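Mind having a look at this structure? Questions to follow.
The chains carry the letters A, B, C and D, assigned in the order they are written, with residues numbered from 1 in each.
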Amino acid sequence: MAKPMKVRARNADGVTDVRILMRHDMESGQRKNSDGDIIPAHHIQNVTVRHQQKVVLFAQWGPAVSKNPYLAFKFEGGTPGDPIEVTWVDNKGDSRTDETMIK
Amino acid sequence: MRSRAVVLCVAAVVLGICASAGGYAQTTMDEIMRYREMLKEANPAELLELEGEELWATPAGPNNATLEACDLGLGPGVLKGAYARLPRYFPDTDKVQDAESRIVTCMMQLQGFTRKDAIRGWHKPGSKNEALVTFVATQSRGDVIDVPATHPREAEMHRVGQELFYRRSGPLDFACSTCHGLDDRRIRLQELPNLSTKEGAQTSMSQWPAYRVSQGVVWTMQRRLIDCIRQMRWPEPEFLSDTVVALQVYMQNNASGVVLEAPGIKR
Amino acid sequence: MRYSFLAGIVSIGLVVGSAYLLATGAVADDALDATVNKVMRDSFTGASPEQWASRIEQDEVQAYCSRFRNSPPPEIVERILELSNKEFRYPLDGKLLGDWRKGEKLASSGRGGHIGTIRPDPPGRKRGANCYACHALARSELSAGNLGPSLTDYGKQDGNSPATIKLVYQKIYNAQAFYPCSQMPRFGHNQWLTPEEVADAVAFLLDPHSPVNQ
Amino acid sequence: MDLERRTFVRTAGSAGILAFLVARGFLTVGDARADLWNKPAFDAESLEDAIDILVNSPAAESPEVVIVAPEIAENGAVVPVGVVAKLDGVESIAILCEKNPHPLAAIYEIPPGTLADVKTRVKMAETSHVVVLVKAGGRIHMARKEIKVTRGGCGG
């Protein structure tokens, strides 16, 4: 089961700074197990960040994004107390959504 | 700091950046520091901390109890500063215990787990033991490590830890001190803290538990030490065993006085 | 052969050593040794008797070096030299200068010999000597440690006469025959490397074609 | 001029519309997942192929695109890479690692109101260039920066 993310959002001078840590193996598809077989790629494909229903960032990721991915970005607007919602979906169809309040 | 310049110069040569000992060494150092700083911006160990926090407060085990009443040495339920004062002697178990060991005691006493169930899969990435220790340690972030080892049992463990630190055996004649008993040494390009000195122990112990970038997992000090011993080609000591606790008493005592910054982030 | 803790403690050398340590105030007393012994017995419960004998119990030299923190007093220095010079084994074909290419591989590999349940090596994995962990060797390999001295251009210092070759062979085989309580593993004595592998490492250091001397 | 083809979201025909809907929050991600991930670009095995799939016109290097990354990474498994584009109307940003088996690492769609300032962490197989493509106002801007990856520590 997908594990929770850590989402932080802070507003200063009208700009909201969002920092997200996700828990995911981001298996590259390049590694071999102890039997010499390739471990299939298993990685997040899409990340969607919403502020009050509006998408403020949409990402496509390949397996070259590091394990336990980090994503940070900024958008104009946002008020302390507003919810920020983050959803990821991986290539096996697993997904996770977490929410935080802007500080 | 001469040694540091040498280290970085070697690193720089490897990277083909610095042709001579002087000039670009500063740039190389700046870039390596910049890399480390950028990683500190978000430490994936925080994810495990979150899980640990949840595990701490979620009823579990045969008693369907939380760990919130766990006594880590400062009284039931007191987390702040507790990790920075471990290992310490606990009268109820009549043992000197580190965080890993004490949390397992609480899982047994409060939640009713058997010892076997409490430590099952402890070394697997993101295990509950590692999550709980990471959570507990971060509750002491900003506190000063203070392990005076004054109780007679703590003092004894300190002496044992010191002996073990210098004890050579196995097919490579290694002791902890082989790599960690001298200043300014490296394995390949990896700097080695001199854990027998205050400065070296403080540099190291202030950062654990730590996220290991190379492994993509958090390691607690138990895991770190058991793996060092594995690398020495000794057999593995048991998780929570006194060998591992005694070494920690020795190192935490040496490190006393430094502010805990855990979780750290390591190569 | 290996000594148990207690055998080591009652050996003549250690009695001398204890007196020395008492005089310097740095003593590890017998009661403490007993406690350490008990702690280890209770800690390494997963180790087989064979692993105990070969990997935890100390031989006499290890016990001295531990107790004296690698700075043994003169009597102990003599004793370690005596013990260490007893036996050197050599390759059956008598060639002490082997293949530097094989030596280079050994020098670069830190694999092999890990046991336990968490991350053991697969059975039969070849053990490396991991020289680069501690020594600078070939100039082209700059990812080199500094626990030991630089050995770059080692073969240019004393050439590769039969006498030099034999001396270097013996140093790798058992460094403590020359430097009591050296931190360097006794690669031959402990049978970490075979005599042939020691000869390959010698060639890596001394062969004029080796990158160490380029 | 076929602007749709220049968007980094690879979709069949309805490209811009899907992206638009997602951007406006009308679509839940997952509804059309296969269409929201540019498989051919991520599967490409060379930098040139990946860029060809992402953009159909040659990209010009631009000083307005800044790659925020250390010149040296102690570990290739985790290399912090940030992108700041000082351009108006940035629509998307792609990050590629030249010598990776599959160079394309990440694509970010930047809706209006979001700053062209993103940070992420990527794996790098070896020392190589990181290449960033930024689409702004229908044009493609590029930046590259070499990041050196140091070798691992002790074996085993």
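The rule is simple: a contact is a pair of C-beta atoms (placed from the backbone, for glycine too) under 8 Å apart; a residue touches a chain by one contact, two chains touch by 3 or more.
Computed from a predicted model, the values in this text were never measured in an experiment.
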Label of the chain whose CA centroid is most distant from the centroid of chain B: D
Pair sharing more residue contacts (C-beta pairs) when A-D is set against A-B: A-D
Rounded Å distance between chain A and chain D, as computed from the means of their C-alpha atoms: 16
For chain A paired with chain C, centre-to-centre distance based on mean C-alpha positions, whole Å: 50
Separation of mean Cα positions, chain C and chain B [Å, integer]: 28
Chain D: positions in contact with at least two other chains: 77-78, 80, 119, 150-151, 154, 156
Contacts with two or more other chains, residues of chain C listed in rising order: 114, 133, 143
Overlap residues in chain A, where contacts from two or more other chains coincide: 66-67, 70, 72
Chain B contact footprint on chain A (complex, rising order): 3-6, 19, 21-23, 25, 66-68, 70, 72
Of chain B, residues touching chain D in the complex: 11, 14-17, 27-28, 31-32, 34-36, 38-39, 41, 187-190, 213-214, 216, 231, 267
Residues of chain B that touch chain C when the two form their complex: 6, 10, 13-14, 123, 156, 159-160, 163-164, 166-175, 177-179, 182, 184-190, 192, 226-227, 230-231, 233-238, 241-244, 246
Contacting residues of chain A [partner chain D, same complex]: 15, 26, 28, 30, 45-46, 48, 50, 53-67, 69-77, 87, 89, 93, 95
Chain A contact footprint on chain D (complex, rising order): 8-9, 19, 22-25, 29-30, 33, 36-38, 42, 77-80, 82, 97, 100-111, 113-115, 117-123, 125
